[in-house]
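Below are two complexes that have subunit A in common, paired first with subunit B and then with subunit C.
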Partner chain A sequence: MRNLLAKIKRRVSSSDDARTDGGSTTSSKSLLRRDSVRSAPFWLPPFLLVGLFVYGAILWNVMLSLTDFEGLGQPDYSDLDFENYTIAFDGGTPSWSDFSIDPIWNATQNTLVLMIAFTVVCLALGLVMAILVDRNIRFENTFRTIYLLPMSLSFVVTAKFWLYMYDYSDGLVNVALGAVGLGPVEIVQNPELKLGAVTFALIWQYSGYAMVVYLAGLRAIPSSHFEAARVDGASTLRMYWRVIIPQLRTATVSAMVVLVVFALKAFDFLYSMYGGYNPGPSADILATQMVREAYGNGNWAYGSAIAVILFIMALSVVAPYIYSQYKRGQL
Partner chain B sequence: MSQETAADADTGLPLKRIGLYAVLIGMVVFYLIPIETGLMTAITHPDAYTGNYPYLPPAPGDISLQPFANAVDALSQGMINSVILVVPATILSGLFGSMAAYGLTTVDWRGQIGIYMLFVAGIFIPYQAVLVPLTQFWYNIVPLQDWVEMIAPMVPFFKDYHWKLVALIITHTAYGIPICTLLFRAHYKKLSDEMVEAARLDGASIRRIYRRIILPLSIPMFAVVFIYQFTQIWNDLLFALTIVQFGDAAVVTQDLVGIGVSQEGTNFPLRMASALVAALPTLLVYIVFGDRFAKGVTA
Partner chain C sequence: MSDNKTILSRRNVLRATGAATVGMLAGCGGGDDGTEPIELLHAWSEGDGNAAIAALIEGFQEEYPDVEFAEEPVNGAARSNLDQVMQNRLQSNDPPSTFQTWPGKTLEKFSEAYADIEGDVWNDDLKENYRSGPQAQAQYDGTYVAVPINIHRINNLFYNTSVVNEAGVDPTTWESPSDVVDGCATIAENTDAVPFAHQTSGAWSTSQLWETVLLAVAGPDGYDDYINGEGAESDVRTALENVVELSEYFPDNSSSISFTEANTMVQEGNAAFIHQGDWAAGAYSANDEFNYGEDWNHVPYPGTSGSYLLNMDSFPYLDNNPSPEATKDFLSYCGTTDAQIRFNREKGSIPPREDADVSQLNQFQQDQFDDFTSADAQPPSIQHGLAVVPAVQTNVGEAFSSFIESYDADATTTDLMNAFN
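For the complex of A and B:
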């Protein structure tokens, strides 16, 4: 053991001798006295947990998506193919089932509509509210606390509230519609309105979050910028449009990434609102389709394939964001 | 931007100011009305519930705590399970997050940024991407159920079905670590290096520096992290649905989904009372520690 350690020590130190970062104590040459190793008791256990449960599980999920795993029993890893992805894109009857399986296009379309509408409206509403709250108002903290309140609630809870709000006979939305003579409208089970109703409820829950992020962004802008625009005679609207909003790019991007990820997670809300895995085709998103295929229908491998697609969608938003944060030294 | 708006407030038309407050109060109504309507309905006696003006308080004679009593009855088992889950998972993920952030920030070494990036990316992963493997892992790979059944008779209050909660605790801990690490790292980067440097020169070990210097300085951040994690884990449904699935170990969000729907129609007072009971712990935490919650979500 000692020998081996000494060998590793020599090998590592010979390749790493030329440290140029000028660290006073970090340039120790012994492997065991290296800071990366000595701090390992702190970062390694959490890293292993995350490595196993997050990254290990993702790789395992990719493997599972290549199998024919369905129903009870165990997955068989000896026969891997891309059949599930073909089914996901084209639909049809796979070799492992007697039934025709739905492709992902309908759910993908709903996911994108929900994601884009939710994110854009949340950002716009959040920005307007942040600008209003930033106008030196009284009770600012109280307003802010109330606007952010829905975010502290579970999707399951807010779905219950909105199920009531949207109720055909007793719901407040229909009471209000009735007052202006539009009569009661079926909302929750109406294919035309479902997705909009869900999106609206999610905006109610998360626009306060965008407001708080923008407010922090506005506070970070030096007040001289506001004054300079004022001196130049710019109107309030023009000042915000030309001077202030361009400086909120960072706030916009970070709020956007978080909101997009929240939108991908809307499963809990839909499950609670529709009391199960199936919200119906017009409100079905990839998150619900994945869980329904796997846990509702027992099509585990196909569910895994949808999960991989969902993961890639999330990654395509998150990876550029993390990379740009890294480039700007903000990690 | 204080001076600028202060001047604006003095010179601006009062009408403009009134309009501003009207909009702000309108938004308050927008954000609170679903909750307020729920509360008013929840204190209405089910027999007296008519559905008219659900946002107004019920007539004094119709006020009843019956819906709340029924809701607590129906949710008590789930609430207990949620507490058993949330407390250890919150503390563990917070501690691990603090340790990881310390090892990756205060102790400075090359290559740590790469490892840290893996932590950060973990925050944004949609849970769907890991569900089937997690179910496989807990049900078919790890004989956790057998272990718990072996130990359970020896420990008071420890029941066989608690194995699912143990699995859920470990899972939530692992998925909470990334965001906790991010929050602690932001905090540790702001701490001054001098104290740590001085302690190092005095020959203090890495472990000692953490215990004696970093940990005491982290207490405000622990409050933020614990509040954030408590809310997240209490509110989660998806992991519970796929790891606990059903049975005695179901947590409160799972129980809430099916409540108040019966063949005779929908019992709105019970349903609203249940939603409020399930939300009560996070609501209380939010009302008491709202500013720290805001700090957690905007980091």
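For the complex of A and C:
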């Protein structure tokens, strides 16, 4: 930043002052010939498109959340306030509606539990599977494919599949529980197990992805590191814990970013499993509440406010890691 | 034959592509020269609904050969997708001619977009021949804006006769929802069948079961009080408690099955009863070995025999219409007995016109139609959007998605009483 300012200063002053030494030729080198400008045709269009359609849309959504927009018609941007956020945190009846509106706490709690449990377990499971697959086992490719396969299915398929797996009478989960002497358990509509059941199904689907990312990370570590650890007398456990896993930081971050995004997409899963955006209070997440408010009730501004909160939550999970990676120069 | 079919379908694909291109171009030019075809958006993209809308359009084109038609099923559509498409179209000020919607309080959602069609479409003939219940649903705030095309009944109790006979119960003698619970207990005792087929993976079946029981407990007047936000808490609670008792007799795996599977249980003799809208009977009529009167039968849900709990579809008239005259012709046609018989023959519902000649409909539909014309009350359904505005309906939906988790009658009573705030 300081460099940039100094450069600008130099340029401005060099153009104003007559210099006795004739000045430097570089300052008169045309702006058009600089690398960043000459490469503009390559980076500028995507930069503008992403700027407009991603960051522009996010900004627009933030603006929308400050309006009172509901129902048909057009949003009024002349009267902006934080009422929707007050309602989101405290509940109550907003000025733009006759109906009282639920606060977001229940859905936020479920979203956080889902997001954290899903991401952590997926990463842990993925790491263990990757280390096992990496140990030159037989049929390595087959195992890799089997673990990764669920990820290729859509949420709609896996939701219906797990609905069947959790079936009280003849679902595989209850059959397995029956085999170890535990009575059949109501899972799908059981307030205590619902969120856990959804999280488990998502972990089943995405731990294979974490495995592939870790596997790539493991393969990138030179075998000399393994050998050096061995020569120094490290046990297998110690070797992984002290030498190998610390080198997987980048893989962890990239897998985590993707998994957090998948956790937010759990909307599709819940929508298919419970036949709509009303999965019930114990599995309600911010995404389902947002769609219910926006598309069910036409409360567009309030839906936008929930979307902004969801965005900030995702950002607050991802941003610190990205920043720490940046500080270490690993991004 | 099959060759012809492929060519035809290819041609249709071409035609559709062409139409889409023309549509896009027209969108750019914004051409509005008065010769626009009728554009009808609907979500009946498959099954009986699709056959019904095709039959309706065929009938319309026989009557009005000059009017062009561009019907468009909204793809992958459930009704909620259609609403989103409509929302976008209306917001960009590009309404279609008409679209499929629940009438009644659902009309609140796009209320500013509708226009009055009293006189042009709702003439004396329609007013005389629609019964008061359906006629009230065609209006928003006292203005006629839509034409209902069919009526599905919600307060039905279907049963498998052989299971019921085996258990020795007779639903035709039942008079209250608690008789259903007692009857289910007898079924559970005397047979291996599930007494009451029901799905709880989604909340809608339980919500419509409760509204039916509420109608029985509170009577048509008490039901009317509830949908106007002035219901008696004791009625709401009693109805919920009855549903909780009944839930003992749901299938063990009710949370994993869909309505179709629950309905199949009745057809296969694995379950005795099912409470559903009369679309359940549509599935039975597709099954040759499951005949009305012999293998299955029907009673109005005990305690509601004088009422015909309405679920309807309708076509509203949109202001700023791309094809004003043609749309009015179409809506007028939908108000005729010819249109309603064609449509309902395929759909399995009944015509809203009292003077319809239902001899072309199947025996079950004819019996339902007799019930309809002799019903003292035609209250609108809550779950199916007629009785309450969308915001209240969302609240009721939330209440029942919570109810099917915990079956807590007290908490749900509070939720349902607060649904109007």
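Convention: the second predicted complex is superposed on the first by the 262 of 331 C-alpha atoms of A that agree within 3 Å, B and C clash if a C-alpha of one lies under 4 Å from a C-alpha of the other, contacts with A are read in each partner's own complex, and residues count from 1 in each chain.
The definition used in the following text is that contacts are C-beta pairs under 8 Å (C-beta built on N, C-alpha and C of every residue); 3 or more make two chains touch, one makes a residue touch a chain.
Just so it is clear, the model here is predicted, and its values are computed rather than measured.
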First, second, both or neither for A:Ser169, with subunit B first and subunit C second: both
Touched partner set for A:Phe143, first subunit B, second subunit C, both or neither: first
Of subunit C and subunit B, partner touching more subunit A residues: B
First, second, both or neither for A:Leu52, with subunit B first and subunit C second: first
Which superposed partner A:Val156 touches (first subunit B, second subunit C, both, neither): first
Which superposed partner A:Ala228 touches (first subunit B, second subunit C, both, neither): neither
Touching partner for A:Leu80 - first (subunit B), second (subunit C), both, neither: neither
First (subunit B), second (subunit C), both or neither touched by A:Ala124: neither
Subunit B versus subunit C as contact partner of A:Leu218, first or second or both or neither: first
Which of subunit B and subunit C A:Pro191 touches, first, second, both or neither: second
Intersection of the subunit A residues that touch subunit B with those that touch subunit C: 74, 163-164, 167, 169-171, 275, 295
Residue ranges of subunit A in contact with subunit C within the complex: 71-74, 93, 97-100, 102, 163-164, 166-171, 184, 186-191, 194, 273-276, 278-282, 292, 295-298
Partner subunit B, residues of subunit A touching it in the complex: 19, 21, 23, 25-26, 34-36, 38-47, 49-58, 60-61, 64, 74-75, 129, 132-137, 141, 143-158, 160-165, 167, 169-172, 175, 204, 208-209, 212-213, 216, 218-219, 221, 223, 226-227, 230, 257, 261, 264-265, 267-268, 271-272, 275, 286-287, 290-291, 294-295, 300, 303-304, 306-308, 310-311, 314, 317-319, 322, 325-326, 331
Complex contacts: residues of subunit B adjacent to subunit A: 1-6, 8-9, 20-21, 23-24, 27-28, 30-35, 37-38, 41, 51, 53-55, 96-97, 99-100, 102-104, 107-113, 115-122, 124-134, 136-137, 140, 170-171, 173-175, 177-178, 181, 200, 206-207, 210, 231, 234-238, 241-242, 253, 256-258, 261, 266, 268, 271-272, 274-276, 278-279, 282-283, 285-287, 290-291, 293-294, 297-298
Subunit A-touching residues of subunit C, taken from the complex the two chains share: 80, 83-84, 87, 90-91, 109-110, 112-113, 200-204, 251-258, 390-392, 394-395, 397-398, 401-402, 404-406, 418, 421
